[in-house]
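Heads up, there are several structures right after this.
One chain, chain A, appears in both complexes that follow, with chain B as partner in the first and chain C in the second.
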Partner chain A sequence: MSARLTGGMAWVMYPLTAATMLFVLAPLAVIMAMSVSTSPFAAFPPRGFTLAWYGHVLADPDFRSSLTFSALLAGCATAGALAFGMPAAFALTRCAMPGRDALRLILLSPLIFPVLVIGVALLRLFSDWNSNSAPLNLLIGHVLVTTPYVVRTVTASLLLADVSLEEAARTLGAGRWRVFRRVTLPQIAPGVAAGTLFAFMVSFDNYPISMWLADAQNVPMPMLIYRQVASIFTPAVPATSTLMILFAFVVVLVMERLAGLRRAMAM
Partner chain B sequence: MRNGLTRRAAIRAGVGASVALPLVSINGARGATRSIQVGIYTAQQGEYVRKQIIPQFESDNDCKVFTTEGVTLTQIAALRATRENPRYSVMFMDDIGIELSKREGLIDPLPADKIPNLAGVLPRFIVFDGYGAAFAISTGGLVINPQVTKPLTTYAELWEPRFKQRYLMTTPKFTQSLYLLIAAASLVTGKPLKEAQYEIDAAWPKMAELRPNVVSTYENPSQVMMVAQGQVDIAGIEYSKNLYPYTVQGAPLDMCFPKEGTFAGINCLSFVKGGPEPDLAAAFINRMLEPSVQQGLAAATLTSPSVKGATFAPDIAKYIAYPEAKMDAMGLFAADWAYMNPRRPGWLEKYNQVFGS
Partner chain C sequence: MAERGRIVRNEDASLVNATVAQSLALRIAGGRLIRRPNTATLAGLVLALPAVGFLAVFLMIPAVRLITAGFLTQDARGALGAPVTLSHFVHFFDTSLYSHVLIVTLRISLITAGLAAILGYPVAMVMARSHSAITRLVTFITIAPLIVSVVVRSYGWQLILGNGPAGLLNWILLSLGLIETPLRLLYSETAVVIGSLHVFLPMMVLPLASALGRIDPNLEEAARTLGMPAWRVFHRITLPLSLPGLAVGFTLVFSLTAGSFVTPAMLGGTNAQMLGNLIDQQITAIYDWPFGATIATVLVAIVVSVNLISMRVLDGRRSLR
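And then the complex of A and B:
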């Protein structure tokens, strides 16, 4: 059977797919186009062509410090989300315990509640705790909102995993940790990879939590962009945004190389 | 095999980083004996305070000043969220926020005995019984492209058919939208802004007549660039501090201040109720009101200082409402927020009814 669509279906599906891609990518293309304008203010369509704004952004210490901080924060938040999310997913799928459905709802609730409200609630909580370390507060907040992504994807993978293989390994004398490492993990790797990617990108791109918990010394990238737009909207702002898009693209490529992301996304 | 090793390395790096991250901030605070948290503004004002004022203050007082950036509404929300256990000592907010915060018991009067520079502040900028002191003043008016549109002499011109679908209006969510209501009330009643602000109800039929001219509303000040690009002819009411940075950079943008008066955007300092290190907080406010600091801040952000005796070169002076004689000549008007704030939710609803459907 050929994978290529033909006939009437092709006439419908190809234009529809092209239109969807245009709809998704057009805003990004506009941003990228604005970043190469020679005019001193961001404008579309752009005037002329220059890469000087990228030089300007890359030389900006605020940009470098924000990018480093955001990448570090997103990496740590992802590690935290995996540390909490994977055992939680195991408990939800493998343990027959009372209130399991309620627990699942609670674990996934950060996906449902407005993130802005979670941010202000955390601000209040940290104030009560006298916790004045912005990076630590941000890390806790980001772990909170990224963990549900790991729980969801790993849970889905665990439901598809073949439990009889684990039982066979146990019967043959493998310990629990070895069974997890050698039998379970390879089966759920796509789900873990997808959860890692979602968690990283959600944290890297988060504004609503960061706006309440960040301070002026530790500024994640989305807040830096907002600050720049609020000051004066030069093409440096779209250049910064384009670099963020490229960074996200690189992360996806790395994940694809490490864990076969296409498999995870097709799950 | 290769993949497994790489994953392990990545996990190790992640765990290591997660341990290191909180330490970064702790190291940052080490060395100073005292610290305060200050809620400053975003944009150029925030940057100037962060980079030019705070480092010297920290050095002079052997302290650490932690800052968060926000706008008046988020600053008040942060004060409300931390009311039981205040973490801020000083909060920047507009005069409209001082009234609200005072009424809600979020701030205390400025301790005048610990802020000697308060004596140098123009009396009109010590607001709400000494609960707030201005440190910068912007002027509110309409934004035009001087190559295309002549400055409006009266707000009545905004209703003219030549601006049909050519006026970009400030979102009703922003304080500047109240200024437009006051201007409309002034046109309807024939009263000056100071009296017209109490007769907003009379303005709504006039506001409905403005609807054909409104092409859209905007929330981000950077959208005034639509005026420079010819997509609209006029925008506002906007604050000068958001507009003149573009003008200085060469954008074909200018402000006009019709004869009814000029609206004052008063950026204030407030003293948080029960905030940590009150003496250090007072010292910080005092530093913000120091004549040399005021002069530098005003020149860098194109806002008027609140203290007496500052002087500016002509290329700066033309953008700011200063000295006091110029403020009076421009009819600088500060709204009565004690009257307006309680009524604002109703007006916002009315705004949405008139312009939303």
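And then the complex of A and C:
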């Protein structure tokens, strides 16, 4: 444990932090306040109290189909990311091999590459291949952006797991697969689960890949909200947004319970 | 990234373990293993192959093809081909409309990263050094918005910064009598900086907090015992030792801001376009693939060079010790 904040430093740092926390929460709180206003206009101050907009949103077929599509897309993308990312993370941490740093750089490169440019490059590729299935194209794009998060979080969990336990199991005659399933996996499960949830949300929230690859029938949630804000006037936007915020907060709480937030983010 | 120190140490340990295990195996097998290929290397390659193959097909090859598209010519039917040309790049840097967008992008990213460092430092200090309940609360508030879509967060800022008397900030200032006429905040560079700062602040706070957490508390303790005032301890010990975290955070925030699309589209409008918006415009509206690819290449070049410089700086510091 490093030094505690005390004395003059504490008097400076705590108020500044509190102010920044206010800044961070302000736009979310404002959306929530507007979502229960009886006024059909996004204008201050909010008036009255109603949950009518929520009924409106939940009954809206566009909202329902977008929500279902986004959840399915994020679920499949995360599964794909796990299938690619888990073995790769295992290779990075448990296999002494040359070129490991280069391998790590390659696996994490989608984190540095501008997401928007990944989307354009994929659009070009899919149009050359005449790949017209928007759900499939979106899935490939989303697997691409979620895989590095899975690699990062699984790598961090594997580095924290006790290697000597694995070696003991090996010495006692367990096969590699059995060691992984019975010794390694139970140790890394909470961290991996939390990190996987984060990868799920990265896909669920993604806009800059989806904007290139979605079509009129398959509209992920962020694109639906973007369109509603930008073009059509609907007073239900704050309610839709609030539902997104509440969903995110539930996920964060689960991540925090599972492994602690910073471990889940591997940052 | 946060775990960098630990990662390096653990890797060394696992390397040592691997070599110990290998030499044992060699001794047991009586030298028969020497001619066989290293099974650990082989297993590693097999395990990493699917991921690397996927990234090669869907990231590296498409990226290279997109970048080459910036050097090709588009015919009337939209097909790309010869002649190879630099004219799109010349056009980009020569047209003041486009070079202005480049400058705006660099300016917004630089200011956002700088402000993130200033705003993020106290938060990281509290996150790394407070009581566990406060640490958990601050971590929660910092990370939770990261999991809310950028579209939703930018919408929140639209409500706060809204021009006219119905925007939250204008409404407050007007009610308090601080201003006579509503301010015009939305659809400006300032609005984009505020929105980007909100979106990417965690990317500054998290690496900074882990850098601060790694500083040996004895150093600060010793300085204080020797009578150094708190602000000098901060200035001479804490701040310099946290510079690697600051560099990582600055690079992340700068790169992510430079590549953003939603925030400038929703908060900047036509007054604060960034490179991402220009790419969208060229490809979706004008269908000019070579020029869209040229702008994408400029964006990638900026992001990659900032990351390379930062890596060089961090490696240089490490080798000095």
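Everything below uses one rule, namely that the second predicted complex is superposed on the first by the 223 of 267 C-alpha atoms of A that agree within 3 Å, B and C clash if a C-alpha of one lies under 4 Å from a C-alpha of the other, contacts with A are read in each partner's own complex, and residues count from 1 in each chain.
In this section, a residue touches a chain if its C-beta (ideal position, glycine included) is under 8 Å from a C-beta of that chain, and two chains touch if they have at least 3 such contacts.
Worth saying up front: this structure is predicted, and the values here are computed from it rather than measured.
S.K.: After lining up the shared chain so the two structures overlap, which partner does A:Ala168 touch, if you call chain B first and chain C second: first, second, both or neither?
M.R.: In the superposed model, A:Ala168 contacts neither chain B nor chain C.
S.K.: Mind working out whether A:Cys95 is in touch with chain B, chain C, both or neither, as first, second, both or neither?
M.R.: Only chain C is touched by A:Cys95; chain B is not.
S.K.: Just chain B (first), just chain C (second), both, or neither: which does A:Met211 touch?
M.R.: both
S.K.: So, A:Met244: does it touch chain B (first), chain C (second), both, or neither?
M.R.: second
S.K.: So in the superposed three-chain picture, is A:Leu136 touching just chain B, just chain C, both, or none of them (first/second/both/neither)?
M.R.: After superposition on chain A, A:Leu136 lies in contact with chain B alone.
S.K.: Tell me which partner A:Leu58 touches in the superposition: chain B (first), chain C (second), both or neither.
M.R.: In the superposed model, A:Leu58 contacts neither chain B nor chain C.
S.K.: Is A:Ile118 touching anything from chain B or chain C once the two structures are fitted on A? First, second, both or neither.
M.R.: Only chain C; A:Ile118 stays clear of chain B.
S.K.: Look at the residues of chain A and decide whether chain B or chain C touches more of them.
M.R.: So, of the two partners, C touches more residues of chain A.
S.K.: Taking the stated contact definition, name every residue in chain A that is touched by chain B in one complex and by chain C in the other, in rising order.
M.R.: In chain A, residues 41-43, 120, 123-124, 211, 223, 226, 229-230 are touched by chain B and also by chain C.
S.K.: Using the touch definition up top, name the residues of chain C that touch chain A in the complex.
M.R.: Per the stated touch rule, the residues are 1-3, 6-7, 10-11, 13-15, 17-19, 21, 38, 40-41, 43-45, 47-48, 50-52, 54-55, 58-59, 61-63, 65-66, 69, 119-120, 122-123, 125-126, 128-131, 136, 138-145, 147-153, 155-160, 162, 166-168, 171, 198, 201, 206-207, 209-210, 212-217, 220-221, 230-231, 234, 255, 258-262, 266, 276, 279-280, 283, 289, 292-293, 296, 299-300, 303-304, 307.
S.K.: In their shared complex, at which residues does chain A touch chain B?
M.R.: Touching chain B: residues 40-43, 72-73, 75-76, 78-80, 120, 123-124, 127-128, 130, 132-136, 139, 211-212, 214-218, 223, 226-227, 229-233, 258-259 of chain A.
S.K.: For the complex, give me every residue of chain B touching chain A.
M.R.: Within the complex, chain B contacts chain A at residues 3, 6-7, 10-11, 13-15, 17-18, 21-22, 24-26, 28, 37, 40, 42-44, 46-47, 50, 66-70, 74, 77-78, 81-82, 84-87, 220-222, 225, 228-229, 245-246, 249-251.
S.K.: Okay, in this complex, where on chain A does chain C touch?
M.R.: Listed in rising order, the residues are 1-5, 7-9, 12-14, 16-17, 20-21, 23-28, 30-31, 34, 41-45, 83-85, 87-88, 90-98, 100, 103, 106-107, 109-110, 112-118, 120-125, 140-141, 143-144, 147, 151, 155-156, 159, 163, 167, 198, 201, 204-205, 207-208, 211, 221-223, 225-226, 229-230, 237-238, 241, 244-245, 248-249, 251-252, 256, 261-262, 265-267.
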